[in-house]
Structures are given as structure tokens and as C-alpha cells.
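Structure in C-alpha cells, see below.
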């Protein structure tokens, strides 16, 4: 089938920052993203888990499929939000169906 | 003193406190016992709704009078000022950085609604009345401490993010909205409303509190285990000294405001308790460089159990001795 | 009329309705207060089980008689026919496309079980009896409207997916199965069964309904906020006109079938209410081109609050005036 | 025999059993009715807490006497030995491999706490007393069967992972910790504790059990449907033969230990029941080559319904006939 | 370690379509997939969140690791299901351990 | 923006093995990972779903972003844990921001 080159950006970020991140993405012209829940993890700031927590604890994973030429704008926007925060950003080459959607 | 100890003993041997101890022990022993996040959140919504509603019903008909307003002003003042005391103690007793000390101070100036809920259930079981509006005071004490803490950081020149959006998030955070909202619902519907939902907000209350405290014990125990002595003696000492300082300040304000013995015990409990819901989220946004596990472990792993076991009975006894 | 207004006032000031209002207000004010998805689903399972079981116990011993069957036939007819009325109104009053109008029509021909549940609790609080089998009528009214809506679309030449699998999903969707299943359990176990589980299905009911309506308010408010005026005046007007049309049709059918005043009020409520559980999922499969947020915002954000606050008291008053 | 059948009939027509049947039927009919995982886990925590606490309150004041210890020793012996019987039967009756047969045997030597809970509620409804410490016996019977099963595999030369960590996980698994912990809480706080949380642990119990059994029915039905006859006649036969063998062994031990008729019925039920919480997780770690769906479908899809419907009433009748 | 080339297909699709998608995948000979929950997202049809929802609302993410030569069959099958629906499909080159499993 | 080559390892593994896997990763010097919940799936051992389950049922997805030179150590460690178990491991080339974090 016909596929089109795209980038898959995965941003793992603290839950209280989710709204700020998605707003920044939309302001940077990102037209779509998907948010996945995260159960727990480990990094330089130690290990954590969501079990039994109340409050807006933990992290979420935001996934963005985007045309290659718009990647830089997305990364600039995302970086300004995550800069001082814990979390990770990765970018993978991918192919998408239905390019008109991106 | 003998009285306080016997009261403490009595308080320790309730299903609620023992459920907390069970959770703590299970987590420290590395049992995989755990409560689903969704269930823990739902129980906390229930407790907020029930405690707010009951407070509202208690004031129904009285209207908003000056007494409520002075009590709220007293609570707000406590919440603004306690972070300074906490910050001073932390900088003296511990090696925490300015940012970490300020973040912890914000937690201790604010309040823990579950500690408050436990205190109301201790009062209820001893037949001691208290002002229904203390629920509103609790809600009013959640946020001011955050301002003081951020001011302490900004003064030191470090970066703070404090925009309108964060203000909005803090002032309309879930627990404030639910507490005030259900307080108003209780005040508006009064005894007729209570008659309809009493089986849920009153009868089931202590049982659900047990399961919630079991979860709090599990979370606290996991936090303590993850920190494995990383807290340091000074930090741990702060976790038991600060609630006593807070309670003393709470007592002073309660006497100034003229609260009943029950209300005095609740004001002391609020001042002695440390937030672990609203403030942590705000600190992640405003002070991302602060280490979140220090505040949470201290508030939930040291101060919460201290208040649950020794603090609350002592505050009740003192409030009765002085106020009675 | 004065009576209706005073009844409406009385109904408005219950903890249930005010909980819905609290949720709505919190969401519109962009508070992050939220109920976990798992807890919301569990509460809806509980409400379905409890309402079905109570209906079953109420008919226990009577057996399945002709009255039940005529009432069900009446309900099914309503569900088949109301989508045509709704579709006509939508095409006249709004600029919605055929597909969107048909999707909305399916929601309004079907029913909202939470609206039904709230109506039963209003009846109970006013001591008005109703036919226990109305629960079975409610279940029977869930699906027929979907057929009519799809026929409306197919007629216009647009693509509709309507295979055996979708039929199966619709007819055995969770709420129909649980409602009918618990109705049968109630009918079979009768008073002996009720004695065992009354504390849960009856005593706790109104309290849990409060928390569920709080969540409905939050979801409705978020929907309204997301649509930010995108609905248009015509669409909003439809959201209050259609329940009145539905209620009138429900009244006619109830009189034909010969229901008690309480049963009449429930039939009016069913006809006036719009689905937001079973039908949305079916529409996503059968009419993927329809915009899901239009139907949901209309059903949950406009019609549900309208019925909760003004509709139900009015239907009860009318049913009593005409039927009593 | 007539008595047993009439008792069975009586037991079958309770809301609990019918809720299980409803779930089973819904899943077999491929309804998408489902209970959220978090809600199912929370209900199981609740049931464990409530049953443990009630057992503890029942022994409060009696202390830990020799009777409790002999009963526990009897239970532990059963749990160690039953896997050998099960393994022998499986190797004779079915074509299961050594590893699969041992995994299934571990499930049947261990116990199902929900089956136990249902039996206590049947006893309660018939006014038959039983030893409160049976809860502790149940907890003690969870783990020993795992040892026997792993020994059976190791003997055959296949690889088994059995390290200190797995031991720790098994002995401190959530249900053992919660059962024993709440038993101790009940024993320590006694009637005073019960007075505080009775509405939750007693009054609401049967209602919540209904919803939990509904979910068990759904899970069992989905398992049966997924296995679509893949189980084989021998395996299915084992699922009804083994509980009878287990119950007979349980009866013998109960007589040896000198339990009351109620306690005898519970010991039979424990021996007849098969684990589907703790053992499955342990088997995934220790015997990854075993097919998890065989054990789970057998325990939850065949033996659990068998015990619920025919087993428990029969065990109660036999225990009363022999012990009364 | 020895790894083998494969494709990672990620399909974000409406929850009511999940069963139809996985059936179609199985009919096309796909031997394995994993379903992840989704909390919320945004796209041309607006922003949504799963919070407090009842009913079969929202979306899920279906992940399929597959041998490259079977990719086309998978995409044809998936496309027939998602064609008229909202959601996205992406395909990434990846390596897997234990190729005999795919 | 400046990005750095890295590997994204995704391990889908039975929930009761999660602790053993993450311990093994940490012993192998992996400094960070994130755990995502899994709703259900299908493979050689059949289809399963998490709905209504109690107990530690089901699977989880563990995601590790790692410098390419540390990949082999990670895979050895992971493989020893998953070897006898059901589940899948995939490795994708990716780019990360803030390389100092990995």
C-alpha cells in the first residue's frame, strides 16, 4: 500500500505538564496527538509507580505523528515545555497511511 | 499526660489506624498488595464529598456569619505563615537546598484532608462537637502556602514558574472544588438532603476510611522503602517537629478566633498536617527542580503517621484541656 | 403551573441535582476535578443492577402479564417512531447533514437510563408508586431507534454498515443485558433476595447516584466547553424542544397502555431522554462519518440537564394531573 | 439426598448465584458487558478485608488456642497433599503434560477465597455458626500446594524456577497479607471495632458479593468461550471430580481436628476449591512453560460454578448430617 | 545478540472497532498483537479524553510486530477496517529477538 | 534541534515478571525505563484481555531508550529474563533530545 514518510515523536512527561505540552503542540501547528497512560518507571530521579496514588501523580506518554518538515517546529515547542522537567523525548522515522491526515 | 497516652492508646487500636499500619507494614515487607489507582482516587473523592457535605449540613440554617469568616481568615493566615517557619527549620536542621526546602515548606503550610477526616472521626467517636464550617477553613488553607514558598524561592533568585494558568489550577484543584461544592450542597439541602444520602455519607464512612488508610499506608511504605534512609536524620526529625510547631500555631489561632474545643482540635490538626495531593502537582509545575520524593515521603511517610497515631489524640486532649 | 414550579424547585434542591450542577460548574470553570473512568463505569453497572433488581422484585409473583407486554410494545413503538420526529425537527431547525441528523435522531429515540433512574428516585421521594416492569420497557426502548436512524440514512443513499455483528452488539450491549438480567434476578428471588441485598441496592442508592451525577456533570461540562458555541442556536433549541415532543408522545402511549401516574411519568421520561451509552458506540460503527461530539454534547450537555431540572418534575406533575 | 437437593435449589435462587449465572450467560452470549479491572480488584480487596475482619472479631478475646493451631496444621497438610491426588487424577484422566498437570494441581491444592466467602454467606443465611479462625486456615492453605506441585515437576527433571524472591512473593502475596492483617485487626479491635465499620463489612457484604460474582461469571464465561472445547472431556471431568475428592479429604481433616458443622463445611469448601489469584501468578514465574489458560479455565470455568451451585450446599448438608 | 528485521505497525483506532480490527488481522494471518489503552488525544475530529466516561468510548492502540513480507497483507486488512473511521496507522522498521515467534 | 542516535527497546512481558525484568535491566546498567499498561493481546498462547481480572494478570510493556553502545548489555539481560516466557522484544533506531540523560 502507499505509505508516506513521517516522524513519530514520543514524549514522556509529568502528568501535571500534559495540558501545557499539548497546548504548546497545538500552538506550533501540530494537528494530532495521542496520550497513553504510564504505570511507572525509573530514571535519574528514582523509581516510581502509579499504584494507589491519588492526585495528579505520575507521567503520561504523548505520541505525535507528523510530517518530517514540521518536526523542528514541534521539537522547539515541546522542548520549551519539558526543558526544566523530568522526562524523555524520542523521534523515530516511520511511514503513515493516509498522508492527507497529517 | 496520662490521659493523653490513654487516649492515644485508644485511638491506636481502631480499625482505621490499624489499617494504615497494615498497609505500611505490607509495603515495608515488600508485599505486592496494592490498591488500584482508580479505586484510590474514587475513595478520595468519596471522602471529600462526604466530609464537605456533612460540614455543610452542620451549618445549614446558620448562614455565613462572622465566625466562619474569622476562622477562615485565621486558617489562611496560618497557611501563609507556616511555610516560613518550616523553611527556617529545614534550612537549620537539614542540608536541603533552597528549592527543596521551599517545596517541603509549601506542603507543610498547606493541609492534608485525610488527616482532617481522621480527626473528625476521632472527635465523633468521643462525642465531641465541632464547627461544621471547619471544612471550609480546610479548603481555604490549601493554597496560600504555595505563594509563600514560591516567594521564598524567587527571593533567592532561582527560577519559578507562576503564571495565571497555574493559579487557576491551584485554586480550582479537584479537592478544593469538591470540598467547597459539597459543603454548599450540604448547606443548601440541610437535613432533608442528609436524610436521602446519610447511608452513604455517614454510615459507610468509617469503613471506607479504613480501606483508604490501608492504601495510604501502602503508598507511604513504598515511599519510605524507596528512600531507604536517603532522607537523613535531620529531615526525619523535621517530619515530627514541624507538626508540633504547626499544632501550637493552630492552637493560638483557634483561641484567637474563639473556636470550640472540637474546632480547636481540628484547627491544630490542619496546621500540623502536610499536603500530599494538591501541593505536589503545583510544585512539579512551579518548581520542577525540587525533588518530589523528599516532600512526599516526609509528608506521607513521617508526618501523616505521626499525626494519625500520636498527634491527633494529643491535639484533642490539649484542645479539651485548654478549651473545655 | 405553580405546582409544577414548586415541584421543580423542590427537585432542584436535592443533593443529586446539585451534584450534577457542581460537576457541570467545575468543568465549565476548567477545574481538573475528574472521576476515574473505571469508577464511573462501576457506578453505572451498580445503578443498572440496582434499578433492574428493584424492578424485578416489584413484579415478583405477578408473572409476565399482558400489561407488561403492551407497555413494552408501546415503548418499542416510541423508540421506532421518535427518530423520525427528531430527524424532521433537526433538518428543519438546524444545518446538520443527513448523516449527523440521523445519528442525533438515534440518540433521542433511544433512552438514557440515568435520567430514568433519577425519575424513579424523584417518584420514590414523593411516595408515588409505579409499575416495576418499566425497567424492562426501558431496556426494550434502547435499540429500535437505531434501526430507524439507519433507515433514514440508507434512504438518502449514504453508506451504512449494518451487519449481524453490529446487531448482536446492540441487542446484547452491556446495559440491556444487565438491566434485563438483574430484572429477572429480582423477579426470581423476590422479597427474600431483596432482604439480602437491600442495603446495597436500596439504602446506598441515592448516595451513589450523587457521585455518578457529579461525574455526568463533569463530562457534560467538558463536552460543552469543547464545543464552545460550535453547536449553533438551532441545535441547542432542538435539545430542549425534542424532550418536550418526546414526553408528549410518551404521555399519549402511556394513556393508551393504561399506566399508573408513576408509570406515565416514567414513560414520558424515557421518551424525553436521549441515550449516551449504547447508541454512541453503535453509531461509531454504523455511521463513522457522523460527528460523535454533536450527539453527545446535545444529549448529555443540553437534554440531560433539561430533563433533570425541569423535565422530570414537569412530567411527574403532568402525569399526576392527567392520570390521578 | 432430597434435603441436599432442596438446599441446593434454595442456594441456587439467591441473588449471588444468579449474578454469577448472569455473568456467565452474558459472556457465553458474547455480550460486551464487562467490569473494569480496577473495580474488580477493589471489590476483591473489600471482600478479603471484610471476611478477615469478621473472622478476627469472632475470635477476639479467645486468643490463639490449640484448636486454631491444629486446624491450621490440618489445612496446611491438605494443601500439601491434595496436589498429589490432583496430579495423579490428571495424569490418569487427561492427556496433560507433566508441567501442565503440576500447574493445575497447584491450583487445586490451594484455595479460592471467593468460594470460601460464598460458603460463609450460605452458612450465615442458614444461621449455622462456624469457627472465626477458619479465615486464618484459608490463608495458611494458599501456598503449600505450590511447593508440592513444583516438587512434582522437579522430580520429572523439568526446569523450575524457585528462588527466595518467588517464595517472598508467594508468602506475602496480597490476599494472604490482607486476610491475615484484617483478621488481626478484627481480633485486636473486637466488638468496638466492629461497631465502627459494621455497615461496610457486614451490611453491604452480600450486595458487593453479587457484583463481584457477576464479574467472576463474565471472566469464567470468556475463558470457556476462548477455550472452545479445547479442554477435552477428561479435563472437564477432572474439574468436577477433584472438588468432590478435595471435599472428602477436607471432611476427614475436619473430623480429625474436631470442627463444628459450620467449620467442617468451610474446611470441605476450602479443600474443594481451586485458586485463581495467587497461584496463577506464581506458576507464571515458576513454570512458564505451563499453559495458563488451562488452569484458569478449569478453576474458574468448571470448578468454581460447580462449587457455587452444587458443591457448597452439599458440603453444608453433609457437614450437618455427620457433625450435627 | 541475533536480531531479525521486522515491521512495527501501530494502529490507533476507535474502541468500538477494536474487535473488528483484530478479527481482520487474524483473518489476514497476523499471529500476534498487543492492545494498549489510550487516555485521550486530538485530531481533525477534535480533542477528547477518557476521564469519567462510561460506555465503550475512546480509542485504543493496537501494536503488531510482523515479518516484512507479511506487511502488505496486514495493511490491506487493517485499511479495510479503518478506512471510514477516525484514527491513524504508522509503520516503523524494527528488529526483533526470537524471529521464530513471528 | 540537536538530536542523538539511540535505540528504543520495547519489551512486552507478563506482569508477574515485571520486577525481575526491571531489576535485571538496572543490574545491566540501564538507567531509565517506562512501564505502560496493556489491555490485552493475542499470540501463540491465545488471546487474552485484562477486563474484570483480579490478581496480577496480564502483561505490561517496558520501554527503554538507550545509547546504541549499551544495547547489547541490555538485550543479554532482558533475554535471560524473558527467555522461557511468553512475550516479545523489539528494537528500533531512534533519536533523542538531551543525550546527557541516557
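Per-chain residue numbering starts at 1, and chain names A, B, C, D, E and F are given in the order in which the chains are listed.
One rule holds in what follows: a residue touches a chain if its C-beta (ideal position, glycine included) is under 8 Å from a C-beta of that chain, and two chains touch if they have at least 3 such contacts.
Every value quoted in this text rests on a predicted model; they were computed, and no experiment measured them.
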Among all the other chains, which ones are in touch with both chain B and chain F? A, D
Selected pair, greater C-beta contact count between C-D and E-F: C-D
Same or different for chain A and chain E, when you check if over half of the residue numbers at their contact belong to both copies? different
Average the CA atoms of each chain to get its centre, and name the chain whose centre is farthest from that of chain A. D
Max Cα-centre separation from chain C goes to chain F
How many angstrom between the C-alpha centroids of chain B and chain A? 34
Calculate how many whole Å lie between the centre of chain C and the centre of chain F, each centre taken as the average of the chain's C-alpha atoms. 45
Centre distance in Å when chain B and chain C are each reduced to the mean of their C-alpha atoms: 40
Among the residues of chain B, which ones contact at least 2 other chains? 32, 34-39, 41, 169, 199, 203-204
Where chain F touches two or more other chains at once, by residue number: 36-37, 47, 56, 92-93
With chains as vertices joined when they touch, what's the shape: line, ring, star, complete or other? other
One finds touching chains in the pairs A-B, A-E, A-F, B-C, B-D, C-D, C-E, D-F, E-F
Can you name the residues of chain D that touch chain F in the complex? 34-37, 40-41, 44, 159, 165, 169, 215, 218-219, 222, 226, 276-278, 280-282, 284-285, 288-289, 291-293
Can you check the complex and tell me which residues of chain A touch chain E? 1, 3, 6, 8, 22, 26, 31-37, 60, 65, 92-98, 101
As the complex stands, chain C meets chain D at residues 36-39, 41-42, 45-46, 49, 53, 168-169, 172-174, 177-178, 181-182, 184-186, 188-189, 193, 196-197, 199-201, 203-204
Name, in rising order, each residue of chain F that touches chain D in their complex. 14-17, 20, 45-57, 84-86
Chain C partner, complex, touching residues on chain D are 13-16, 18-19, 22, 25-26, 29-39, 125, 199, 203-204, 206-208, 210-211, 214
